[in-house]
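Quick heads-up: structures coming right below.
Next, two complexes with chain A in common: one pairs it with chain B, the other with chain C.
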Partner chain A sequence: MEAVVPKLASFNLLNPKSKSKSAIRRFSSALCVSSSPSVTSTDSVSLGHITRPDFPILHQEVYGSKKLVYLDNAATSQKPIAVLKALQNYYEAYNSNVHRGIHFLSAKATDEYELARKKVAAFINASDSGEIVFTKNATEAINLVAYSWGLSNLKSGDEVILTVAEHHSAIVPWQLVAQKTGANLKFLNLNDDESPDLDKLKEMLSRKTKLVVIHHISNMLASILPIEEIVHWSHDVGAKVLVDACQSVPHMVVDVQGLDADFLVASSHKMCGPTGIGFLFGKSDLLSAMPPFLGGGEMISDVFLDHSTFADPPSRFEAGTPAIGEAIGLGAAIDYLSTIGMQKIHAYEMELAKYLYENLLSIPNIRIYGPKPSEHVQRAALCSFNVENIHPTDIATLLDQQYGVAIRSGHHCAQPLHRYLGVNASARASLHFYNTKEDVDEFIHALNETVSFFNVFK
Partner chain B sequence: MASSSISSCLRLFTTRSFLSPKPRKNLSFFYKPTSFAKNPLSKSLVAVSSSTSTSPIQPVEDLPPKLQEIVQLFQSVQEPKAKYEQLLFYGKSLKPLDTRFKTRENKVEGCVSQVWVRAYLDDQKNVVYEADSDSVLTKGLAALLVQGLSNRPVEEIVKVTPDFVVLLGLQQSLTPSRNNGFLNMLKLMQKKAVELVFESEKAGGSVEGSNLGSKNSKNLTLERKGDGVGGLESKVESSSQVGSGKNLTLEMEGDSGAGDNGSNSGGLGSRGMRIRDKLEKELRPVVLEVEDISYQHAGHAGVRGSDGETHFNVKIVSKEFEGKSLVKRHRLIYDLLQEELQNGLHALSIVARTPSEV
Partner chain C sequence: MSLKLSSTLNTSRRSFSPPLFFSNVKRTPISNIRIPRNRSVKSFTCVHERNPEPIATTSTKLQLLVSEFDSLTEPIDRVKRLLDYAAVLPGLDESGRVQAKKVAGCATQVWLEVVMDERGRMRFRADSDSEISKGFCSCLIMVLDGAEPEEVLGFKTEDLTEMNVGVGVSHVGIKAGASRVNTWQNVLLAMQKRTRCLVMKREGKVFAGCNCFN
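Our next item is the complex of A and B:
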């Protein structure tokens, strides 16, 4: 399904420095007609160039005069006009509570909400939309599994395997549940290539292991794990697998049936959707056996004074009025991504990843974390790094103030990983398909000057 | 954009400032750095405010004299990059803080970078500050405070609000999170000043501030310089924690035993001693610091059933680490302490460096 972008728009695409507001308005109106981007790309115009006009927020200057270069996508992604429009349209045309009413607006809202659920299911190739539970975000989804599945399936002596590189949201809920159940958490270390040690994982798996909680792509190391194999080994010992796909679903094809994952979580705001919505994928038989997490309306069947009966999944786990507009916005984001094609996005981002890594290596005294890319080892399009003798916060501050380049500095919600690597903090640049090679060039240029500035002061 | 970021920062200051300035009706106005009208009558700056903040900021005259000087200096420098350079120059003026003062009580909360502030009273009962940070921009900010507040009477120090950072015009160049750290730095310095004075009134001697205000307050902090111990400086700092009284850290300088950089050996239980001995024997470290931080984890599943001594911080500098990756260094240490790990040692937080890396 290709949309045609008027010739005028593509002319402006080749001149990215053009910042005139009227040009932007012309883009917007052109894109109103077809809210999906052209997918034809030529050698001189990359996917980044083609899609940039769809993201109004990228076309601005910060601190008066500096063009924004947004490289903090692992923290959150930007939203295309299509998603903004879907949100606005929901509230303007058919906002109404779902599942409860009979009237026209309510029926429409319910239809669109459930359609969004179907879109999510199709996007990750779940066999049934009933396997998708909408949550506030991935963190809530993990908590759902921890409190609902974890509390009723883990007992003293059971083991849950995680890695030292997990995000706090994948660690803390399990610490809380382990305390309550007496289960033990075991942490997989990294190998010499700074990627989770999969050989060690095979050794750690045992009949005691009930669950493996593991990231698909690390938000700091950029490692990409072979989830299919990990699930295979885990199932062999009778353990379930919860995949944290927050950094993978937005950037590549994720097929839960192909992976045979038991649980998978992701957040909408990292995949060009609005904040406030995320989802848990769980295999039907698993969800059916799980007790409720939050109690309230929607998740019940009958309510008496002294007890209640509960709905089937996914409703069982969706208490209260959901983030309806946001779910629909997520649906629109999925439409947008699907129109481009996740394979295309992935291929382009792999190119960018290589370009970023190679250019970063040219910075003197830089240390990039995670595995070295090679023929067999791919990295995601992000790099966490430190420059010797310069604090990452200093770098990030100057990059922001003097050059308009937005990166992140801190522990990226991975304190255990930083402790493991022996650092307090790191800087991180992370890309998405609407970034271009020019963005990387500007970043590298700014970084070089920033490093020089601080080195002079030593 | 400038005014909105300033206003958000002011809201940050006014809601979180724990020593709020007395409200002033007429003199103080909101400063907008790009344009202002000079008011010949008052040093404070008049500007058009487009923010919703209604609290006035502290006038410059209320600041300690050195701080007023600093404010004026920064105001005379217009260009952001030059302001940074100025800030970094200030940072350079700070001499590095001795490792033994980089303690938990001296660490500033809420900073992405590490910042420590030390305070003590000089002979005239003035508060003297020292500070350090691994981030040079933060060090610059710390230097401003150290220079601005040192050698001033406590009453003056506690009256200072973070407002003046707005006057520096740096605020525009600093992210809110950095400002938050700045606010906490100031608060810590003020808290220490108050503590020092309180201690000094109690003990009637020269003291070093530490952790006040917890239930089992054992605040013995004495600093005897070169008296009778052959020119050595010994410092006893005890920080009190709920429950366990195991945290007496005794720091001796330059005496017998491994390490010449303040090794904490007093107060460790048997496991702590075993860890020290093992690491000393096998790794012949140049620096070895072993700190029992089990109190922080009291009540956790891993601690229950053991008699404390479950969590340790280990800092070790040894030639044995040369040529080894961080992962290998940590593995080496874990291997050496296998027995302890299997018998109730729950966690180690390790900093492992070679002598050339320090």
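Our next item is the complex of A and C:
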């Protein structure tokens, strides 16, 4: 079956004059991108305003009377109606186990599941959908690489380079595998601009380096790394690169062929898709040489009492009944994002990122982590920060309870980074394309009042 | 779209009236309270010795606390009250803010000191880098300081949810549950674990998982 799959599309939106909710919903839930009408968004109506009606969860009051201002997107994103409908439709119309059955429902479920895989492949410009392994999330995907590729390719004396800014999911699996194999983990520090020190990375890379594990966008620093160059340097010494793209795939164009990444991971729930599904991209030759991770049904070819033979990738790494509905939901999320266009999303979020950063600077005694934005240095649309003498959890508590503003406070699954920066915790506001400048205004206003409140009480 | 950014927050200087719990009482840090000699007491509360108040039980103290917070409907007022409680908590000095006394599982840093006094009652001191967490600790200590070990061990987190304060608790009083940021629960559990440890130590037994530091 020929699949209509949007390829890194950048389409214009509906005529903003006809902003009726039903019109936008119909448009958003269209699977076939090429049939959508093309319009131009005006300056007065931002992408955030246009897309907000698609997200029912954003239109509520918390604690009885406070309008929700959701700024915790780096933790998880919200889901458009198109994704909710895709999930419901799956369970209502054709839920069935995949790959094995021969009846109508099973065939349809299998087709849609494999179509979702093709959509993921096209979304990140993988050359073949067989290079996409569905997992529970990015964490499981990293563990897959660690236990499958890592255990069979790392030996005593080999080096794996990570940065101090990596998410726990990118660090802990390698600690476990390093213990088993005798490989050494080396951590790249930050430079004076609070971004991973890439000059130092070039010095650290050597023939001993077998793998570089690195984020594309930091969930705390908001730094955006030149992955293409990092991959180039790494390949020069014979090292592979595993890219943690959790914070980049949802927000910008990611092209695995352009980057020449060996492995890349992302989670559906951060890109407007459901929880419970994520994916590993791995180059075909790498996946083909990797032993199984989890054993069970689906990933086998023949099973005997004393041994089994295994399927080719990606099935080899997808043991058991997969999260079928969730994969299809991820496919619907990709359709939705592609309909808007990742370039458009990225451009809008860069505007928001600048607006957020500049307005946050106006808060007295604030310290924002990560690189300063400039002509050459872009930041993602998130800011982790601390205000002198006020615990970030106290700030987040009052923002939530008094103002309905949802931000995060804690270590953001980056304890080593916090330790490196000399803090126990930080607050973080993180945006997505359905946020608006008004959301930022409300956040800044609430933050100003919160800071004043705590300063007075002290 | 116009945005009304009117202030919803009264940032006037804090109220100097002590928390209800201390009404008619001069603020006395817990560490400075003298236990009257030649008096048998089951528990004690922070009372000024010139105005002896009836000794309150743990249950009474909890009820007072609950009714106090119940009367505060706005989150900001509950936070202000918590900050008032934080202000009367003596805290710990540097030697007390150590890893061994840290309470696990809190989103903020909380240190807790638990001792059993010569009468076999539990005494608590706590500190935090967060003012709201200090307030929580202060409330817990108000209720449980000086209580019998059995009272401490019998105290349930459900007793606290009625107070309707803090992260993860909504206006309808839904239990905060197992969220990592539930300071109430984590501090109370630490109080109970360390109390259990001291009780067993007193009885010459070893409690698995006990790492008594006192």
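Definition applied: the second predicted complex is superposed on the first by the 418 of 458 C-alpha atoms of A that agree within 3 Å, B and C clash if a C-alpha of one lies under 4 Å from a C-alpha of the other, contacts with A are read in each partner's own complex, and residues count from 1 in each chain.
The rule is short, and it goes like this: a contact is a pair of C-beta atoms (placed from the backbone, for glycine too) under 8 Å apart; a residue touches a chain by one contact, two chains touch by 3 or more.
Given the structure is predicted, the values throughout are model-derived calculations rather than measurements.
Student: For the combined arrangement obtained by superposing on chain A, do chain B and chain C clash, or do they fit?
Tutor: clash
Student: Counting only touches as set out at the top, which of chain B and chain C does A:E228 meet: first, second, both, neither?
Tutor: Neither partner.
Student: Figure out whether A:D312 sits in contact with chain B (first) or chain C (second), or with both, or with neither.
Tutor: It touches nothing on chain B or chain C.
Student: Contact-wise, after the overlay, does A:T393 reach chain B, chain C, both or neither (first, second, both, neither)?
Tutor: both
Student: In the superposed arrangement, does A:E449 touch chain B (first), chain C (second), both or neither?
Tutor: A:E449 contacts chain C only, not chain B.
Student: In the superposed arrangement, does A:E438 touch chain B (first), chain C (second), both or neither?
Tutor: It touches chain C, and chain B stays clear.
Student: For A:E358, using the defined touch cut-off, is the partner it touches chain B, chain C, both, or neither? Pick first, second, both or neither.
Tutor: Neither partner.
Student: In the superposed arrangement, does A:D128 touch chain B (first), chain C (second), both or neither?
Tutor: neither
Student: So, does A:Q401 touch the first partner chain B, the second partner chain C, both, or neither?
Tutor: Both partners.
Student: Would you check which partner chain A:D192 touches, where first means chain B only, second means chain C only, and both and neither mean what they say?
Tutor: In the superposed model, A:D192 contacts chain B only, not chain C.
Student: Can you tell which stretch of chain B bumps into chain C once we superpose, 38-46, 56-64 or 218-226?
Tutor: Superposition on chain A puts chain C right on top of 56-64.
Student: Taking the contacts chain A makes with chain B in one complex and with chain C in the other, which residues are shared?
Tutor: 63-64, 390-391, 393-394, 397-398, 400-402, 409-410, 424-425, 453-454, 457
Student: Spell out the part of chain A that touches chain B in their complex, as residue ranges.
Tutor: Of all residues in chain A, those touching chain B are 62-64, 178-179, 182, 189-192, 194, 390-391, 393-394, 397-398, 400-402, 409-410, 419-422, 424-425, 453-454, 457.
Student: For the complex, which residues does chain B have touching chain A?
Tutor: Touch list, chain B to chain A: 1-2, 80-81, 84-85, 88, 92, 112-114, 133-138, 172-175, 178, 300-301, 325-330, 349-352.
Student: Write out the stretch or stretches of chain C touching chain A in their complex.
Tutor: Going by the criterion above, the answer is residues 1, 3, 5, 7-9, 11-14, 74-76, 78-80, 83, 107-109, 129-133, 166-167, 170-171, 180-181.
Student: Can you list the chain A residues touching chain C in their complex?
Tutor: By the definition above, chain A touches chain C via 63-64, 390-391, 393-394, 397-398, 400-403, 409-410, 424-425, 438, 441-442, 445, 449-450, 452-454, 456-458.
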